[in-house]
Amino acid sequence: MISTLVPRRHRLQLGFVAAMSLALAGTALAQQGGGMPASGPMPPASMSATPTAPIDRAKILTDLGVFGDFSVYKLRPEYAMLPAADRKAAAAEVLAVIEKHKDKVIVDAYLTRGFDAKSDYFLRVHAYDLAAAQTFLTDFRATKFGSYSDVTENLVGITKALNYITKQKSETLNAGLFAASYSDPAPRYAIMIPVKKNAEWWNLTPEQRLKEIEVHTAPTLQYLVNVKRKLYHATGLSDTDFITYFETNDLGAFNNLLIALAQVPENKYHVRWGNPTVLGTIQSVDSVVKALSGADRSM
Amino acid sequence: MISTLVPRRHRLQLGFVAAMSLALAGTALAQQGGGMPASGPMPPASMSATPTAPIDRAKILTDLGVFGDFSVYKLRPEYAMLPAADRKAAAAEVLAVIEKHKDKVIVDAYLTRGFDAKSDYFLRVHAYDLAAAQTFLTDFRATKFGSYSDVTENLVGITKALNYITKQKSETLNAGLFAASYSDPAPRYAIMIPVKKNAEWWNLTPEQRLKEIEVHTAPTLQYLVNVKRKLYHATGLSDTDFITYFETNDLGAFNNLLIALAQVPENKYHVRWGNPTVLGTIQSVDSVVKALSGADRSM
Amino acid sequence: MISTLVPRRHRLQLGFVAAMSLALAGTALAQQGGGMPASGPMPPASMSATPTAPIDRAKILTDLGVFGDFSVYKLRPEYAMLPAADRKAAAAEVLAVIEKHKDKVIVDAYLTRGFDAKSDYFLRVHAYDLAAAQTFLTDFRATKFGSYSDVTENLVGITKALNYITKQKSETLNAGLFAASYSDPAPRYAIMIPVKKNAEWWNLTPEQRLKEIEVHTAPTLQYLVNVKRKLYHATGLSDTDFITYFETNDLGAFNNLLIALAQVPENKYHVRWGNPTVLGTIQSVDSVVKALSGADRSM
Amino acid sequence: MISTLVPRRHRLQLGFVAAMSLALAGTALAQQGGGMPASGPMPPASMSATPTAPIDRAKILTDLGVFGDFSVYKLRPEYAMLPAADRKAAAAEVLAVIEKHKDKVIVDAYLTRGFDAKSDYFLRVHAYDLAAAQTFLTDFRATKFGSYSDVTENLVGITKALNYITKQKSETLNAGLFAASYSDPAPRYAIMIPVKKNAEWWNLTPEQRLKEIEVHTAPTLQYLVNVKRKLYHATGLSDTDFITYFETNDLGAFNNLLIALAQVPENKYHVRWGNPTVLGTIQSVDSVVKALSGADRSM
Amino acid sequence: MISTLVPRRHRLQLGFVAAMSLALAGTALAQQGGGMPASGPMPPASMSATPTAPIDRAKILTDLGVFGDFSVYKLRPEYAMLPAADRKAAAAEVLAVIEKHKDKVIVDAYLTRGFDAKSDYFLRVHAYDLAAAQTFLTDFRATKFGSYSDVTENLVGITKALNYITKQKSETLNAGLFAASYSDPAPRYAIMIPVKKNAEWWNLTPEQRLKEIEVHTAPTLQYLVNVKRKLYHATGLSDTDFITYFETNDLGAFNNLLIALAQVPENKYHVRWGNPTVLGTIQSVDSVVKALSGADRSM
């Protein structure tokens, strides 16, 4: 349905690209699906297509009703004491598990060691069926690398249509969202920030919330060129309302974007914004496992 | 008493079925027992029938004065290092303990690994006598699987008659609660969310609280068809006022239901709503233990 | 002194029996000692009689100026892996330590496993001299069972004369407190709930606090028959103002009592009410140690 | 300087003796040094005399510009499993370290086991040069006993001249502070309570703060006879503004003093008062180590 | 760019020297770069020069757009049980890793044992490219010393131009900042304090914030002579807005400075100020590792 309404170029842009702060307030990336009322019923996830071929990465990253499962890990120190051969074999074992589940989930990995006290890496798993993400993560935890990893945070969200800055409700800002796209070098950093709003926010009228999100969106348009983002809705699925996810190559610009988001009235409704803020470098799974498997120190 | 007032069809519906948000505000499922004043005395749990045969699952899930004991567990990593034979025998040992206690408790199991940082699974135990739940759980902890499980949350509640949306106090809404029932495919997911209200809530007059619960209930009727729920009262038994329990096959609808519950004034009285929100897949005990007992990695 | 003013029947009642919610606001059980001004000096604990014979249980449970030391424990999992012989000998070793200190302390034990995530059991120790409680608990921790127990909460309080609902200040309510006594079957459950008030409470005038406590007391009189309670003052001794302790056989009635206490304005002054709420079954020390020492699994 | 202004009798009294609640609001014990403006510059600690002989205990306990380093410890359970010979030798090893540093630090020890969930003992170290306290504590942690001790709290403060209740600013109350001195039996208990004030407090004018401290001081004079105290300033050195330290033989009187301090408006400005409240028995280092080294259980 | 606008003498001063409290409110040290609008775009960090020679310490400490990565560690007790030879070799291994990365990062070390419950030491790493700091820290964690170190806090910030007290906006105070410089003996102590502002602060107008920072700055000028400081911006990179870093030889003066900063209205906007406050002695890496590697106790 979405694919018939929006040019493919826009779809990809939406799926990954836009440095829109608006997501923080409950919007979503794929607002072009304006015909789908945000508060209306959504087809159950389990009714989404169950692919038998490997998941189409570009498609799942732009589809609605997709689950995003963020799991954050800290390696136990005992891992470093394992025989070098075990640690050398770790990456291959993890890759084999990912290969096994490739028709149900896609997996992204990020190295956080040196940036965050409570984690060494995190995984972002996308799936049309959340149970498939669980099955994958259970298998992952049964690998040598996974079995020495403690989960320190785990948040589950779902992608949904834009709520506020739609063509219908806020035409100019909506156009602004599509007037620019990411043009910096490929992002090397990703940041995951949970967001929870208080009861006062949720009790505003839709019009009041729309107005706050407009004020929130305007100063962020300038960052479309150097910060990508994606939003997941999590109310009732985890102890957060939103999972905001960013990619950038320019952490100074990202810092300025987040300050701009702090400087709008919507910020007064936050009861959680971070806690944790998880900053990592974007890496292949292979590279994350190897970076944490260290030098051969036991031989 | 209840059984003489309400048709059996309704009783079952109430015991498990209704996607009523109203429970969040201190109501209960079995409101048909309208003749029993909510604030009046309740027969002590220990005076309930002590069955000598296996517990009747349908009955205990609809009876009032029943204890629900939710215990949430995280497996210690050492479990994965046990000999495969030990892990293979784990499920049978747990099932034997459940069999031993089947005339005192019923036990439901949920796999949370991959969804929640602080747990791998949780158990829901129902008993007419809370001490019987303790005896079962103590025996469970003495199994190999239980002895490698750390309890990360444990909440105890009791089922009670509806407080607010009774036929007497709120006839239309009460009728709405019985106008629809769950019609989706069998639920695959369960969510346990503790709820605690502040002193301002408890100091409202009964009429004010009734009004808030009516506002809370109206937008939730539409979810009767795809979200089941059950309520336990816990003030003084645990550090929460309520334990809300949901089952669904449609997590998108569930997310929308919880947003609807966030958007009513009653939400302003919450001091705890989640913390933790525990999301799991509904599975047999056997299947939960096996999923966490992993591949044979030690042989 | 107290014993000359109050009939023995009342003293016992007060020492243990009354389901008075009023304690939550800084009252004490033994209000018959009305001649002793609540805010005046109290004889130092060390000047209390130092008995050379075993402590008189009935007396110490009604005396004023007595220390109550609540220590809450979680067994480390390694305990379950000890040889069965060690675990079988554990109870006797603990009982021997209690016997050794019987002229200085009395010890009550409660099994919490299955009810509380952060504990498996707790001890309540009464002593005229707090240092004697420390000596006992240090010896207890040196036993095999104690050495595998981690302390997860430890609160120290002291018994004092009633502050508010005295015969002088509030005659009718005072009479109500003595108009009924516990008549249910022997309590099987105990609950320990710490209570801390905010600065606004402590800055009310004595008259204002008296009024709040009267409002608090009235709805609780009906529970005198099925919930016993006892109060300890802890300001400055631990991070709480009060330790409230309850015994009951009827957890439904107890739940209703605690809801009644939530529904009075005094509740607005609480900054801690629980955290933890510790619910346990009342058992002998012997039985608690044995329940947690499990089946012989190592042979 | 101080010694020329104040009779020696008063100096000692001030160094240790007074049960003044006023310290909680930023005053200090040695207010007789009225000529030294409280907010003015203080000679750097490193410029204080560096004694080559053992520290003079009476002097360092009354001097200004002295550092107090409070470190709170919990023994790991593995300590109890060490060979008895190791544990028997532990006290001597610790005493040797104290002897080695006796020209730089003085060390007081307190047994908290049985009173506090998060500690077994704590140390109070005084030094003219804070780095010397670090060197001592590093050596202490390298002993067998220290190496099995986990630090659960560590606060650093500095002694300063009185801020408020000086002869100049509040003559009558100042006189009251010196009108009585501790006359009870030697204290057997010590209590360490961190205190942090909010921004509203610090933004009051000096006159407003003086008035609050006067109200705070008046009801505390009566406890000069049975509670000693000492104050350390910690803003910026630790996550607290003050470390308040008390000694008493009468915990009932101490409880009443702390309630009196709760009942003044100044209490409304507290954001931390306790957390932890650490209560211990005053013992020699030798006795603390031996009490925690337990019976010979491994032979 | 900066180097062409500001005399070298001023640059060095700014990089390290000034005891300016203003940093707490979002200013930065290098305000002489007044021509660079504070809220304007900043060149991406990755576009900064990538030196092939060892990092120029004086330059990186004064440059803008530099990342500061603060990682705080606690040694696991098992480290003390390693063979003495391992511990003796630890410092050299760490120094070799620093040498390997010397063209990408500079590393400062601080001993915190004895001052802070949650750490034994911390590292401050500066890098033009944050990924280089991660690579270094990952290698550090792979050393013997690093592998026995648990990270208890990790904050990442970036240096930016002054926001408020510029020559243009606040000429007199700006001049005051350069009217004095550090003149005490070389600092022996460093303090790291995270600062987070609330939504009200960020929603003030720039003029309002300027005014608050002026009030904040005035009383701090007197401490330029004895407290050095440096500011890092961290919004979105870590769960804090700022990392403030201080060096001093006079902890009494530092305590007074922090009290002065508590006494201005800006303090009312803090939601985090400390938590943790990490106080350490400034030492070489070699000396920190050796101090924590202790005496030869295993031989």
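For clarity, chains are labelled A, B, C, D and E in written order, and residue numbers in each chain start from 1.
The rule is short, and it goes like this: contacts are C-beta pairs under 8 Å (C-beta built on N, C-alpha and C of every residue); 3 or more make two chains touch, one makes a residue touch a chain.
Molecules present, by chain and UniProt name: A, B, C, D, E = Chlorite dismutase.
Predicted, not measured: the structure shown is a model, and the values here were computed from it.
Simply put, subunit C (Chlorite dismutase) must spin 70° to overlay its Cα atoms on subunit D (Chlorite dismutase), rounded in steps of 5. Rounded to a whole number, the gap between the C-alpha centres of subunit D (Chlorite dismutase) and subunit E (Chlorite dismutase) is 30 angstrom. In this assembly, the C-alpha centroid of subunit B (Chlorite dismutase) lies 49 Å from the C-alpha centroid of subunit E (Chlorite dismutase). A ring topology is adopted by the chain contact network, closed into one cycle in which each chain touches exactly two others.
Residues 77, 80-81, 111, 113-117, 184-185, 188-189, 191, 193, 226, 249-259, 262-265, 267-268, 270, 274-277, 279, 281, 291-292, 294-295, 297 of subunit B (Chlorite dismutase) touch subunit A (Chlorite dismutase) in their complex. Only residues 39, 41-46, 65, 67, 69, 71-72, 76, 130-131, 133-134, 136-138, 141-142, 144, 147-148, 150-154, 156, 158, 160, 197, 199-200, 202-203, 233-239, 241 of subunit D (Chlorite dismutase) touch subunit E (Chlorite dismutase) when the two sit together in their complex.
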